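There are two complexes below, and they share chain A, which is joined by chain B in the first and by chain C in the second.
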Partner chain A sequence: MTLGATSDIVGTKTRRGLTGLLLVAVPVFLVGWMIIWPIISAIGRTIWLPNDGGTGRSFSLETYIFFFTDQYSLNNLSVTLWTTGICALLLVLICLPIALYLRFATGRLAAYVQGLAIFPMFVPSIILSYAIIRVLGPNGTVDLLLNSVGLPHIRSPYLTPWGPVIGLVWDNIPLTVLILLAGLGSVSNQSIEAARDVGAGRLAVLWHIILPRISNSILVAVSFTVLGIFSAFTLPYVLGPAAPEMMGPFMQRTFRDLNDPTNAITQAVIAFCFCIVFGLFYVRSVAKNRNP
Partner chain B sequence: MKRRAFMLSVGGAAAGMVLLPRMAFAEAGKIDWYTSSDTNILDFWTNVVKPKFEAANPGVILNLVDAGDSAGQLAIADRALAALQTKTDPQADYFESGEPRLPAGAIEAGLYVNLKEAGLSNWSKVNPLGIDTDYSVPYRGSQVLLAYDTAKLDPAKAPKTWADLVTWIKTNPGQFIYNRPDKGGSGGNFVRRAIYEANGKDPAAFTTSNFTAEAAEKALTPAWDILKDIAGSLFDNGAYTGGNTPSLQLLGQGAVTMIPAWSDQAISAINTGVLPETTGLVQLQDLALPGGFSRSVVLSNGVNKDAALKLVDFVLSEEIQSAVLSELGGFPGVGWDYVSQDLRQKYADVIPTTIPSFPAGEWEKAINDGWYRNVAPNVDRAA
Partner chain C sequence: MARVLVEKRIDWIGIFFAVALTIVIVVPLLVVGTWAFTNVWRYPSVIPQEFGLKFWQQTLARADVWSSITMSLSLATVVTLLSALICLPAAYAFARMDFPGRNILFFSFLAGHAFPKFGLLVAIAGIFLSLNLIGTFWGVVLIQLVGTLLFMIWIPVAAFQSVDRRMEEAARDVGAGPFRVFWSITLPQAGPTIAAAILLSFVGTFYETEGAWLIGAPQIRTLPVLMISFINNQPVIQYGAVLSVLLWVPSFIALLFARRVISSGSFARGFGA
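== the complex of A and B ==
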């Protein structure tokens, strides 16, 4: 009898597990089919190159060696890393105060600030690009305003590496603010009041109470923006200099203009290797949150 | 029984996935039309050609597709050539500006219709200056010229030769900009003019079939030297815009004094107020900046080949050819005798006598990659 009951329970458990597996089967299948498989296929196609004679394929790291010995490609990679790093830093510096303000302020003004901070999400990047040329470009609005009060002409960031930085930071503000704001939700008013009661100043509250609680959110926000910025296309294409290019425009040009898919895929695999580091940061922090 | 049902459903799903792509057939009566040109051309087709053609040919509709750029359209042509070999549907009928020599061997394989022998009633009107092969029909022309601000540069002093232009650029640093050669024809043809300059100003020296890596090395290296020489005197110590339109924008904002521009885009920009009325246009007299006719091709294996041939005839009609002049600011593909007299007089200054035209294909790749590697990086922007 006892034995029967146990096997019944075991049976139910298995069925439940099966339902769970079936529920995740579709997303897992899609991830496998549309993400994991293309990655494997891309790596395969860049290390198994066609032989010179045109018959068969053999193992070769030729395209990777070319990339890492070609100064032009390396310059493109380094400008991409530079842009990504600067953007991530600026985003945290700009968005953290906005998020802190929105977390603790109440009233109508805060609602307007929130609306303004989320606004860039609804502006397509191609429109943003041309707007930035109008505003920050040579003889643009900023130039005209400065000139009208007798200030000297500034050098426009348009067509320099700073052009895409300004555009990308503006474009990524909403996502970063929203993630940080979500993280700040876990900071309770009581803990801050308790700290104040024992005499903690504003900076001490920020440093000892708030930042430790939201370090995870900052990490997630940085991972997300880094992943987006690393593969940015439109803003660097329209606002950036002709050379060095960021990886997005460089890959597209190699693939389409030069009709060279093998080298374009090699560039994509290298970009992917950099992005996976931040992807792992994100996965790790999510996993850590699930098992407190 | 359960296993059987499972096998049936899996088998069905697998069969469905195999069949799925085959269901995307081209529709009869819908001409699949592709362009690699700029938005102004697509607008012209959307607003002028499409409504007129569809009104004149009930039951036929034009599906206008932007292929992005010439590389994008070439990918469609590659697909059509593969479809020809497997006798499947290419889902393409008409390329607004195509080069019938591409993909290599396409003419021999019979991918494109021989338009001269296709019995078109308007073929005899085509301007002989524009005919390149019997497989493509020139229907509009445009040429790159120099657009400049007459408020800053006296038209009498505008450069008339390449040497004058280089001197002007160097004595007026920061006042000239051209776009990256792969991102638009105005900068692309400016670069090609430099290549002609470095190779005896002979447009006949470059053909689609005479490309070799060695020839490119020999012909292009001196051209890169010419362009590197002026790089430091360009706008912002060697900046290059990302396309034809951003160049026009910089000229319009008064940030630069002179740019190379397509004649049709410059004229329509002046007409619509994007460029001020004080904009002057000048062409080099020693050898014009290249340009050329845009030539349409019809795919022989397209489902709507006959309708597409009707479209070619329609595009060569006086109605559309006059619209090319008046709406587009281009010049017609038919002889000037076949457009109305008053239009002929009004646009006398864009009537060309010769237009150097640079071959596409392998040369284009070599020029684009060579420019990015040799010209674009080698300038000290901080200076």
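== the complex of A and C ==
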């Protein structure tokens, strides 16, 4: 390859450069037009609002001031932050033990556990929502089983803020387990055995050897979760309460039902601001692992 | 923990996880499956009073079900074809050619993943509003096409990079032209991974709900969008259950093909682990 590159005459090289650029032009244009431009335009059109007279635009933070003074918007924002926080916490608490188990166990039982942990990736969230309603909803399977042994009904999480939490955690288990498991792959058996040889207990090994080595993977998993859950739409829309609603359904309703794109886009920009740290961290981690 | 590897003893932790995950992950889906094949299931019976296919006939007789199946299949096909058409040449260029700005352009496909997805969709919808693309087939195609770019470029780039360059050079040495080399050497080696990427983007597009709902509804009604309206307004439980089973078929096919790819660590590393 090196030989080929150096023996290329200059003319061929620039032509190959042009061909390369032409081949990647359409997808790159789509990224520019459908991702970068909408974000710039979203910020632009929410801080330069049309004037009352209908002529031109002028700088105004009106829509942002409205969002942060409107109690309903603030309730939606806080239920979104609450849901995102609870989901991220639950996912780490549930998936870390599973990943630890899968890292050190072998055999058919471990393969079965891994298969189940990855399975939700193949269940579309809309089917999941339906299944959760049938199981945990009114007169659902849990109610049937409790009733058959003479116990009272549960207080169904369906249409409460806990409905989306259950759905979103279920939905995000596979990728969280996979990300943590990939992180645990960098913890060598030797380092653990060495620690055990000098008398470290299981907790000490976990705390001093494993956790420091996978802290980056945990952060990646949390960032991925936050980005996915903060503006989740389907599960909160179907399983969550009508009010307060999460940012996803709130934006959708403002945009389509209230036909108020400017305020919907303001909500989107506010969502971007809350997630920017996680987004940058996530993109940096992905880019670090991948050489073009 | 390392001791588990050495000693043969009952794996209680494993049994606990297996049972817990079975209850949490398998049981809800079995309940939906059972509902789909149930004619009568009145509260408070624990098992259905009557099994049967009555509701399959009724669901499949509905015009809205057929039109949304057609819509979903044609959207997914058009998006996947367009995506393959524009992304595979680009992936080849990223893998094999040197051009100015290659690295930054390669990583630019991550941009869509740095923002909360629905927020980005609303920002795009704001632009579509002025282009009159809201509620149109091509509006939904565009928004779903953007969602496939990252996978359809990054996975094939890895596939092209893993092709043995010496074999290509050997073929060229014995006089094969560039297209002949690509067709006989490069493509057969990179093919399976590229096919996996195409399958993933077809299935991903088939289930894409948020863009279709925000940009397309109510004119463009895909299966997942129809499913939302069944959940919200349909008193007959079995319609939703039958539709869930139908809706799961592409995912099942993807499951059969993609399991090995996903279990390997390289997939998770693609997500930044």
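Here is the rule we go by: the second predicted complex is superposed on the first by the 247 of 292 C-alpha atoms of A that agree within 3 Å, B and C clash if a C-alpha of one lies under 4 Å from a C-alpha of the other, contacts with A are read in each partner's own complex, and residues count from 1 in each chain.
To be clear about the criterion, a contact is a pair of C-beta atoms (placed from the backbone, for glycine too) under 8 Å apart; a residue touches a chain by one contact, two chains touch by 3 or more.
In this text the structure is predicted, and so the values were computed from the model without any measurement.
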Contact breadth on chain A, by residue count: chain C or chain B: C
Chain B versus chain C as contact partner of A:67, first or second or both or neither: neither
First, second, both or neither for A:237, with chain B first and chain C second: both
Chain B versus chain C as contact partner of A:162, first or second or both or neither: neither
Touched partner set for A:287, first chain B, second chain C, both or neither: second
Touching partner for A:253 - first (chain B), second (chain C), both, neither: first
First, second, both or neither for A:137, with chain B first and chain C second: first
Contact residues of chain A, present in both the chain B and the chain C interface: 130, 133, 139-140, 237-238, 256
Chain B contact footprint on chain A (complex, rising order): 72, 75, 130, 133, 137-140, 155-156, 158-160, 237-239, 241-245, 253, 256-259
Residue ranges of chain C touching chain A (in the complex, touch as defined): 1-2, 4-5, 11, 13-15, 17-18, 21-22, 24-29, 31-32, 35, 43-46, 86-87, 89-90, 92-94, 97-103, 105-120, 122-127, 129, 142-143, 145-146, 149, 153-154, 157, 165, 207, 209-210, 213-214, 217, 224, 227-228, 231-232, 237, 240-241, 244, 247-248, 251-252, 254-255, 259, 262-263, 265, 267-273
List of chain A residues in touch with chain C within their complex: 1, 5, 13, 16-21, 23-24, 26-28, 30-32, 34-39, 41-42, 45, 97-98, 100-101, 104-107, 109-110, 112-114, 116-135, 139-141, 143-145, 147-148, 170, 173, 175, 178-183, 185, 189, 192-193, 196, 202, 205, 217, 220-221, 224, 227-228, 230-234, 237-238, 247-248, 251-252, 255-256, 261, 264-265, 267-269, 271-272, 275-276, 279-280, 282-283, 285-290, 292
Sites on chain B touched by chain A in the complex: 68-69, 71-72, 74-75, 180, 182, 235-236, 239-243, 246, 249-250, 253-256, 365, 368-369, 372-373, 376-377, 381
